[in-house]
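What follows are several structures.
There are two complexes below, and they share chain A, which is joined by chain B in the first and by chain C in the second.
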Partner chain A sequence: MTNDFEVEFIEPGERSARFLVRGVSPAVANGIRRAMVADVPTFSIDTVRFVENSSVMFDEMIGLRLGLVPLSTPIGDFEEGDVVTLALDVEGPATAYSGDLESADAMVQPADENIPIIELKDGQHLEFEADAVLDSGKSHAKHQGGVSVGYRHLQRVEVAGDAGEFEEQEPNILRGVIEEAAAEHADADADATDGDLVATDAFDNDLTNRYPGKEVEVHDVPDAFVFHVETDGSFSVEELVLRAAETLGDRAAELESKVAI
Partner chain B sequence: MSYKCSRCKRDVELDEYGGVRCPYCGHRVLLKERAPEIKDVPVE
Partner chain C sequence: MELRVIDKTDEELRMEVAGEDHTFMNVIKGALLETDGVAAATYDMNPEQSGGQTEPILSIKTEAGVDPLDALGGASRDVQTTVEDFSEAFEAAAP
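Up next is the complex of A and B:
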């Protein structure tokens, strides 16, 4: 593929964002989505050494909860398989939160400080050391950096004519992002211009709210996809997408070199 | 095997002749304590 992609953010955000990519084939769009889910490595707790656990939960259950705590994963400084040790020591009565985890490496920290691990009653004590390993979503879902990643076609809405005068207008539900192609009929939005990108929640996902009394036609815009990406907090959406694209490139290069032999 | 008497809370060592009974207070309910060593748990 020689032509460049055109990327435009619709809803920018640190952990959740929506952006439009033009000039990308469905195969590449899905490749990027899959790479975001399964190929971008993140840190996650993999083994726990319990020194004391007099809480009401078994060690294994606490271990399972710890595995699901997202840990910040800095770019470039670690390789897959690297290990960072975290420790926790909480005595009841108190609740052990993810923020109580103390990391040996300042760059690898719990992404959220307020994830409850377990509530400890009077006299209960939880103390352990845990090893976080950098691995990808392929091996275990706890290593997934991108959670809730998906895309839709960008849709172009055109007004084909007037709806019948005495017809009861039924809701015309559409979800995603539309490309405005009939700005003069968009009654609700006075300063709409053709080519605008409008998220459908702006008009309650109902095209009849935006174009009252009009007959509309909806077409998919070829090779234009609107991605909705959420990360678990290990890194920002931007970093996740960049890393996903990188892994795709790496694998393509690997294939190229193997085919050459 | 080390246990703890549920009545007098003292540590009890059981042998095969003594039967299940606390040697200090005669109570027959003994609780098994968690082993003091560090336990390695894989997260799956």
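Up next is the complex of A and C:
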């Protein structure tokens, strides 16, 4: 097997990023994508013990909302099934926010401080203790670390000729990332060189903006995938991708050792 | 992951891989198809609602002289190196 991977970041970011991977087979690309969604565990509140809940919502509804609050999940320090306790005590009139949750473990904190849990009116009181469990997205969607994870082929745009001179040009909408192969015709971008990676938002997703008056051909680049990865804040994109790859590797190692017996 | 061999001859293997889903099965199938000496490899999986066999079943056919279990071992080795290479390349490129 040849494994000449080339990774290039197109839009780097902590919680949302786009990157290109060359030399990856569709099976592996999809394996990594699926692992990011379902196999990388994150902490999420699973059990709530209410001390007092005089808000307008039932305990169960508040429990559901709490489960959806992303909690930071540090690498390596926890195993699946580990429990961290969090507590909240808010008296109205006030809004209980995710930031009001107090964690027993400094490493496991709400990823965002400003997620409203419930608005409390005068005299209403919400107090509870909750257990957050480390589990994977396979068991419940609230444990998904990757919120929006997908990929597209890298697309190569070539100019095939001129568009009909007196015809009104139809918009040619394309989304994703293109690999420049006709830089001399890219009128809108004077510094374009062949091989450039250009996100289609740069020309409003319309190829006629970039190559006015030209007939273009779009081809998928084989084995080159542009991943778009967004996390819920439990960890960075980089950690998510690496952990997803690790879970695949771990399973392959398990299979290898079991086959050897 | 629990393995249960259903059929095994010198050049054929049918095996249940309990606890896995498309995520891993498709990756290992892809690696098997690129392994030398493997004539055919596939897996079959039924949805949970089908009521029958729902764990994936991996089928491998090899060319004469190649043990399908060895081929599977080699393929899982390949998956590991692929994943390691990918992680390395990714880390190197990360900003």
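Here is the rule we go by: the second predicted complex is superposed on the first by the 259 of 261 C-alpha atoms of A that agree within 3 Å, B and C clash if a C-alpha of one lies under 4 Å from a C-alpha of the other, contacts with A are read in each partner's own complex, and residues count from 1 in each chain.
The rule we apply is simple: contacts are C-beta pairs under 8 Å (C-beta built on N, C-alpha and C of every residue); 3 or more make two chains touch, one makes a residue touch a chain.
Just so it is clear, the model here is predicted, and its values are computed rather than measured.
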Partner chain in contact with A:Asp59 - chain B first, chain C second, else both or neither: first
So, A:Arg34: does it touch chain B (first), chain C (second), both, or neither? second
Under the stated touch criterion, which partner chain does A:Lys142 make contact with: chain B (first), chain C (second), both, or neither? first
Touching A:Phe19, do we find chain B (first), chain C (second), both, or neither? second
Looking at the overlay, what does A:Val226 touch: chain B (first), chain C (second), both, or neither? neither
According to the contact criterion defined above, which of chain B and chain C contacts more residues of chain A? C
Please indicate which partner A:Leu71 is in contact with in the superposed arrangement: first for chain B, second for chain C, both, or neither. neither
Looking at the overlay, does A:Arg49 come into contact with chain B only (first), chain C only (second), both, or neither? first
So, does A:Leu248 touch the first partner chain B, the second partner chain C, both, or neither? second
Contact residues on chain A for chain C in the complex? 1, 3, 5-9, 12, 19, 21, 24-28, 30-32, 34-35, 38-39, 138, 238, 241-242, 245-246, 248-249, 251-256, 258-260
Write out the stretch or stretches of chain C touching chain A in their complex. 1, 3, 17, 20-24, 26-31, 34, 69, 72-73, 76-95
Residue ranges of chain A touching chain B (in the complex, touch as defined): 44-51, 53-54, 59-60, 63-64, 66-67, 140, 142
Touching chain A in the complex: which residues of chain B? 34, 38-44
